[in-house]
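See the structures that follow.
Note that chain A is present in both complexes that follow, paired respectively with chain B and with chain C.
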Partner chain A sequence: MSNSHSDTIPLHASSQSDIDEIENLIHASVQSGPATVHPARPPSPPRASIPVSSSPFIQSNIPPPSSLSSSSSNQKVPSVPAAPPPPPPVGNSSSIVATGFGPPPNTLTEPVWDTVKRDLSRIVSNLKLVVFPNPYREDPGKALRDWDLWGPFFFIVFLGLTLSWSASVKKSEVFAVAFALLAAGAVILTLNVLLLGGHIIFFQSLSLLGYCLFPLDIGALICMLKDNVIVKVIVVCVTLAWSSWAAYPFMSSAVNPRRKALALYPVFLMYVSVGFLIIAID
Partner chain B sequence: MDLSQPIEENYANPKTCFFHVFFKASALAFYILSALFADSFVIIFVITVVLSALDFWVVKNVSGRILVGLRWWNEINDQGESTWKFECLDQESLALINPKDSWLFWWTLYLNAACWTILGIFSLVRFQADYVLVVGVCLSLGIANIIGFTKCRKDAKKKIQAFATQTIASRVSSTIQSAFSIV
Partner chain C sequence: MEQSSYSNLATTHLLGSVPAVLNEEKKASYEVPGANMQIFPPSNGGGGYQTLGAPTEVFEQQPPNNWKGVFSISSYTQYFNVDTDVVINRLISSFYPIGGDFFSKIDANPDLYGLIWITTTLVFVLASFGNCATYLTQKHSDSSTSWSFDVSYVNVAACGVYGYAVVVPMAFYFLLRYLGSNASLIRFWCMWGYSLSIFIPTALILLIPVEILRWIIILIAGTASACFVALNLRSYIEGNDLPMMVVASFLLQMALAIFIKVWFFP
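For the complex of A and B:
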């Protein structure tokens, strides 16, 4: 019916655009929440799309990830097809690790071993970034983007244990004091930077200060093995300088240049006090 | 002989449930029993805190994913701001989650925090600052998980509602479309 067709065309177009507008609004509101939950959707586009292992870990009623991957395959990520066999987990975890930018899509169904390996490799990469000299390091303020607190936790406990071992008396007090000093010190130093008007994220700073304890850990270990005072002083001085050098770029880039010294001095002071603890323990 | 029904009501992931409870229970048990035996404080501290940290990791990365299909983490974006990201299974998989699993998950989280709070009160009353430290660490790990997963669940519900509204709206719009095209 060409008549009715021509009659309805203008109506159709306007109502079509209205309907389109409504749909766009709905789409926008669904996707624009600040902390929206994605059904295993991939993160923002600039990141590389990573093939994910879809081998199911769970032997349970929950269906294998093929249903998940089929729902996510029509999303932005072109990988994870449901049909072909899943690639081996080892290859995937290494490609996942390579980006180092937060968990890849569809981590909900990855095997546990993948998670462990990912976290361990994150610790190692953070350690390398923070502590070791790296001329190709990009803007230091952004280098510890992928913060984690496991490394600092291990280092603090290790330092406490080493100090406690080296002490001949009052082992428990030494450990408790060392742990409390380091933990509270890290929190207070972070607050210091924040109060000075610096731009640093709380957990990132905690993570950084924890990783910078690594040289002092080594120093404490050496001092435990070698009991000579002169050796201890030298070792502590060297590792102290290394720790402070490691912490310097991150802390200084976080604050106003005129307040750099105010932010860095307490960090140095804390490491000096830990150094004294190491020397004084016998 | 209705053997089929009990199978449905059992835990879907017994191994994960076991580990979920195991680390929490062993941390609590070790803390309570070793305080009775009055061992070296260092050993108590280290083992309790390590067990608590392991439990935190297991809950956040393994049992949260498998038992309730939720995951949360923190990311720092290019502008240097920290954002909390939440992830959940999609609609069909969420509906298939065993209710017993999720009941166990949430209740052990809450019970764990409650137990550590009570132990902390005991230590405070006895003025044992070092034990308060242990309890403080374990409690903060437990509370972090509770807050993270609660936020994640709320976001999941919001997302499901939005999804449902979107589906309804798109259906309504397609019905309107088809109605207009018929006319």
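For the complex of A and C:
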């Protein structure tokens, strides 16, 4: 049975062409549309759909005729050394899509750059939704449905690094204070809203508060480059107002209107303290 | 004695009533005429229940038991059940040292919101204005100094303020419990938290780099805050003769005020 071979996945030169085969299958299956999902193949037990794993993909019983040789580690794919014809959509009709995961199962085989690009584009689109003035701005309660934590992470670390570079003494302490303030602050602000009886999703709120730091990041960068106090004060005030404006609708819609100020004040306090740190670091 | 028969009483619609333990199989019969159950004053049902003995909870001053465990948020929401105007009202009343009625104001609904955010604001204010004030003082005496931001002010402020606001009420609570009188930790935390609010505008005024003026200001503010704490504590534990506690609370608050002056506004 193909399984016996499939525990070891040798990395031959054939692997590359196997990967190509998988890509072909995927493209073919995508073209053929989701209509062919789940042809209910009894012999295949439900499995985690890791394409290159040894789990028997559906086709284990119907290996395309040329595939038989050895390394059926790429199960859907007829193993290459036998110079198979490119497997027709035999393999596809249930193979990938039937796992129920749809397109994502190929994230393990795609180039790293594609993964990074996807995450970056998500960060950019979230930024556009949340932070930038947008006359078609969605209902803030539904903003950031597709939240992620990479964006906030980058922004917090960037802000900490910028402040740390700007400082002349105690650089590591400055970074620590900035990072702790922002990270713990986001968590505490979210908890504050929850404790006041508001309704938000914890990680969505963390994500949003992180994205709203973006203007302060720009402010910190400008202040690092230009060391004049007046300029700093003006830049920080502007970016502070921008950040607060971005965060305001989301936070205020999450709580009972009689408690709006109670929920918003801590947000304001956190951004003001970060703004003060930016101005004050010399 | 079937205590569970009380489950048939139609009292759950009354304010302050706590439903007795329901026992399904006994549901049938016994229907107490329960006339006196219907008429006791709804706001504080302690007296009414006692005629029936103690199967239902005596309504004491602790809130009804919503505790769902340490890690569940809903068990803490009862301490944040305040609106903006309530918080502002309590904040303003904390500026008047002579009132002495703070505990009666918060009795029904003590909140921890004030404690947390007043202390956090105070930490930020001390760290930021402390740095400014230090700079101004040095500039005053030696006009060639340049601005330097000492980030350790944040650490010291955080440890000092949070430590004081959490530990001192706990100490008083345990001490009072040990000496037998009734005390409520949440109310103590609430009161001490609001007592710190007067230091926030004080820190702003303390920026003025004149030494005598700073001492006068901090002494006034410290006295006001300490009187607030002491008088409220005295009115809370009245009936028990514990003047030492009141004096101790006064002195501790003054000590905090002096520490703030000496460390952050030298």
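Some points to look at:
One rule holds for everything that comes next: the second predicted complex is superposed on the first by the 167 of 282 C-alpha atoms of A that agree within 3 Å, B and C clash if a C-alpha of one lies under 4 Å from a C-alpha of the other, contacts with A are read in each partner's own complex, and residues count from 1 in each chain.
By definition in this document, a contact is a pair of C-beta atoms (placed from the backbone, for glycine too) under 8 Å apart; a residue touches a chain by one contact, two chains touch by 3 or more.
Because the structure is a prediction, the values reported are computed rather than measured.
When the shared chain is aligned, chain B comes close enough to touch A:V157, but chain C does not. Contacts of A:V112 after superposition on the shared chain: chain B is touched, whereas chain C is not.
In the superposition on chain A, A:Y265 makes contact with chain C only, while chain B stays out of contact range. Using the contact criterion defined above for the overlaid structures, shared-chain residue A:F179 touches chain B, although it does not reach chain C.
Counted by residues of chain A touched, the larger count belongs to B, out of chain B and chain C. Once the two complexes are laid over each other on the shared chain, residue contacts for A:I230 go to neither chain B nor chain C.
In the superposition on the C-alpha atoms of chain A, the part of chain A touched by chain B in one complex and by chain C in the other spans residues 173.
Considering their complex, residues 73, 76-77, 79-85, 87, 113, 116-117, 120-121, 124, 128, 131, 146-152, 154-155 of chain C touch chain A. Within the complex, the chain A residues that touch chain C are 167-170, 173-174, 177, 191-192, 194-197, 256, 258-262, 265-266, 269, 272-273, 276, 280-282. Partner chain A is touched in their complex by these residues of chain B: 12-13, 16, 40-42, 45-46, 49-50, 53, 57, 61-62, 65-66, 69, 71, 73-76, 78, 80-93, 96-98, 130, 133, 151-152, 155-156, 158-159, 162-163, 165-166, 169-170, 173, 176-177, 180-181, 183. Across the complex, chain A meets chain B through its residues 4, 8, 11-12, 15-16, 19, 22-23, 26-27, 29-30, 33-40, 43, 57-58, 60-63, 67-68, 71-72, 102-103, 107-109, 112, 115, 119, 141-142, 145-147, 150, 153, 157, 160-161, 164, 171-173, 175-176, 179-180, 199, 201, 203-204.
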